[in-house]
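Heads up: the structure comes next, in structure tokens.
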């Protein structure tokens, strides 16, 4: 097994697992926040503006962790410095 | 085992696992949000418009993590740069 | 072990596991939404139309993650580009 | 180990595990929905028609994920394209 | 290890695990439905006919997933196409 | 390792694990149903006949999954077609 | 490693694990039923006869799964057909 | 590794694990029953005789699963038919 | 690796793990019983004699499972028949 | 496998897993804090300023752990001293 | 790997794991008992003498399982009969 | 595999896993403390100063465990004495 | 791999894991006891002296299990009889 | 693989895992104690001095287990007697 196969294989595996594992937390987390927001609106409809605003700030924070994972997965597939090095070395 | 077999194998495995693992979080999460929305409507029917609107925003956010996984799985099957490289190298 | 055996094996395994793992989340999730809908109807029968409509939208969203998995499994069995490549290479 | 043994083995294993793992989610999910339906009928007997109808729609949705798994298992046992290929190749 | 041993071994293992794993979900699920039915009867004795009828429909749905697993296990033991192929090949 | 050892070994292991794993679900499930029945009798003594009858139907359904596992274990020990084949082949 | 060692080893391991794993479910299950029975007696002393009778039927059902495991373990130690075959073959 | 080492090793391991794993269930189960009995006595002191009697029957049933495991462990250490066979064969 | 090393090693490992795993259940179980006894005394001080007596019987039953494990561990370290056999064989 | 392949592979794998695992905790944690904040606003609307301020401080603390992981992942991809060493050694 | 290395290694590993695993149960268990005692004192201050006495008996029972593990760990480090045998054999 | 590759690889893996695993506890812990603080402020607004001060002391203590992990990860990447030794030895 | 490497390696691993695993139980346990003590003080301030005294006895008992683990870890690092033996043998 | 690589590798791995695993318990534990303290202050503001003092004693006890782990990790990195031995032996 040469370097290209190895680096390629682990990049594929890692990219997939990173976004797969990394989507579990945000999906559950956002669901929890949304569910609680719905419950709060039902309980205190007059505060729905404040609740919705706080919810959106929170969702943005939670989504950020999913985006970190997506960014790393995209870097590993399309801008992988290790892959660039070994293909350059093989082609050089 | 040559490069083509290896890259091909891990691409298949990773694509499948990515969408399989990645669907667990959103499925549970959306279910939680929907369930809470139904409960909130039953409790406060007059706010059903606000509740539904907030629910749909939340579902879109949660679904986005499933879509990240689906996108990565599709890239790995149909637009895989590592596969393209090794088949080009083998055919060149 | 030649390429055909390897690609074939992992395609079989991955297709099965993808749909098996991918059915856990939606099955639980839909059950939760349905159970809550039934509870909401019992609590507020007058809103059963709104509740049912919201339920069906939610079930469609949750079912979509199961369908992503089913689509990937079918692609891996019947329209697998890696398998096509290696059988073409072997037959060529 | 030749191709026939390998493809045959993993098909057997995968078919069994697919339906085994895939039956956990629907079994729990349907039980939850049925249990909640029974509870709702006991609480609001006058709505038993609406509850039963909503329950059956929900059970059909949940059962569908079990059926996806059963379909994949049957395909792997009786209409497996990878098996057909390798037995044709061996017999040709 | 020849084909007959391999196919035979994995068929034995898979048949056992399929029914073993596949019996966990239905056993828990049916227990939950039965327990809730008993609770509902104790709470609303006048509806025991409706409750029992809904319970039996639900148990049939849940049992169906156990039966899928049993069917697959029996197929693997007594009507296994892979086993038939390799024994025919060995005897031919 | 010849075929007889291999088939024998996996049959022993599988038979034991099948009944061991397969007894977990029914044991818990029956306990749940019995516990709920006792609670229901304490709450509504006048319905003890209906409760007991429903309980026994439920226990029979749950026990059936344990019996599937026991049947498969017994088949693997005393009427194993794979074992019969290899011992016949060895003795022939 | 000859057949006698192999069949002997796996029989020892399987017999032990079968009864060890198989005792978890019944022990928890019986405890649950007993605990609920005690609670029911404390709540409704006048029904203690009915409760005790139902409890004993339930304990018998639950104990049956432990006995299945014990039977399989004893068969594997003292009446193992695979062991009998290989020792007869070795002694023949 | 000769037969004596192998059979001896697995007997040691299995005997230990059998009693170790097999003691978890009964320990928790008995604790649950005792705890509930104490709670029931505190709630209904006049029924302490009935409660204690039912408790002891239940503890005996639960302890029986621990004793099955202890019996199997003792058989594997001091009356192991497989060990007797291989030491007799080695000494013969 | 000769027999003495092998039997010695697995005896050391098994003795340690047996008592380590076997202490988890009784420790939790006794804690549960003691905690409930304290709660019962606080709730019904007049019954403290009955509660304490029942507690001690229960603790003795639970401790018995820990003692089974300790006995097996001590047998494996200081009165191990398999070790005696192999050291006698080596020294003979 | 030379040093470059090895260091490259483990850097890819570790970078992906670090951010994937490291995003689970913050995502759940932030969701919990946001959900509780929404609940607190619904309960005490007059304190929404204090609640929001405390929430933001808390989110910043929780986000910091996600950022530690992201920083380590970026260091491993783009400023990895071990990779620099081995590529310098290989190129030197 | 000679006998001394092997027996030494497994003794080190087993001693550490025995006390590590064996401390989990008692630590949780004692915490539970202490917490409940504090709760009982707060609820019924007049019974603090009885509560404290029962607590100390319970803590002693629970601590005993930790001490079994500590004793086994110390025996394995400082009075290990297997180690004594192999060092005597090596030195003899 | 020479020393440099080995020490480099495990340093990369360990640094990543240390901060990844080490961020789970603090993230959940801080979330719990913040959530409870928000709940306490909503319940007792007059004590918000005391609550906030106690919260910050607690967050500092909890964050300290995350910082221990970050420090160890940084030491392993940038001030690793084992790496320094082997690179000095290789360069010497 | 000579004896010194082997004994050294496992001593390092075991020492670390022993204190790492062994700190989980006491940390949770002490937290539970402290939390309950704070709750009890808030509920019954007049008994704070008794509560605090009982808490400290309990914390000492719980901490003792952590100290057992720390002692074993220190013995394995600084007073390891197996290490002393093999270094003496190597140096002799 | 020589002794230096081996001892170095396991020291790196163990140091990282020790502090990573060892930080989970204290982080959760301290969070629980802080959360309960905040709740107690909100419930009984007049006792905030006693509560805070008890909290700090508890946090110190809990933090001690994290510090044990940190100390062991630091010893393994900077004052490792096994590493000192093998580097001295290699340099001697």
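By letter and in written order, the chains are A, B, C, D, E, F, G, H, I, J, K, L, M and N; residue numbering begins at 1 in each of them.
Keep in mind that, in the parts below, contacts are C-beta pairs under 8 Å (C-beta built on N, C-alpha and C of every residue); 3 or more make two chains touch, one makes a residue touch a chain.
In UniProt terms the chains read A, B, C, D, E, F, G, H, I, J, K, L, M, N = ATP synthase subunit c.
Everything numeric in this text was worked out from a predicted model, so none of it was measured.
Student: CA centre of chain I (ATP synthase subunit c) versus CA centre of chain J (ATP synthase subunit c): separation in Å?
Tutor: Comparing mean C-alpha positions, chain J (ATP synthase subunit c) is 43 Å from chain I (ATP synthase subunit c).
Student: For chain C (ATP synthase subunit c) and chain L (ATP synthase subunit c), what's the span in angstrom between their mean Cα positions?
Tutor: Chain centroid spacing, chain C (ATP synthase subunit c) to chain L (ATP synthase subunit c), equals 38 Å.
Student: So how far apart, in whole Å, are chain J (ATP synthase subunit c) and chain L (ATP synthase subunit c) when each is placed at the average of its C-alpha atoms?
Tutor: Going by mean C-alpha positions, chain J (ATP synthase subunit c) sits 11 Å from chain L (ATP synthase subunit c).
Student: So which bits of chain N (ATP synthase subunit c) are touching at least two other chains?
Tutor: As it turns out, chain N (ATP synthase subunit c) has residues touching two or more other chains at 1-2, 11, 13, 15, 17, 19-21, 24-26, 28, 30-33, 35-37, 39, 41, 43, 55, 59, 66, 69, 73.
Student: Touch graph across the chains, line, ring, star, complete or other?
Tutor: ring
Student: With touching defined as stated, please give the ring order of all chains, chain K (ATP synthase subunit c) first and chain M (ATP synthase subunit c) second.
Tutor: Read from chain K (ATP synthase subunit c) toward chain M (ATP synthase subunit c), the cyclic arrangement is K, M, N, L, J, A, B, C, D, E, F, G, H, I.
Student: Quick one: in the complex, what on chain G (ATP synthase subunit c) touches chain F (ATP synthase subunit c)?
Tutor: Those in contact with chain F (ATP synthase subunit c) are residues 1-3, 6-7, 10-11, 13-15, 17-22, 24-26, 28-33, 35-37, 39-41, 43-44, 46-47, 50-51, 54-55, 57-59, 61-62, 64-66, 68-69, 72-73, 75-76, 80-82, 85-86, 89.
Student: Write out the stretch or stretches of chain G (ATP synthase subunit c) touching chain H (ATP synthase subunit c) in their complex.
Tutor: It comes out as residues 1-2, 4-5, 8-9, 11-13, 15-17, 19-21, 23-28, 30-39, 41-43, 45, 48, 52, 55, 59, 63, 66, 69-70, 73, 77-78, 83, 87.
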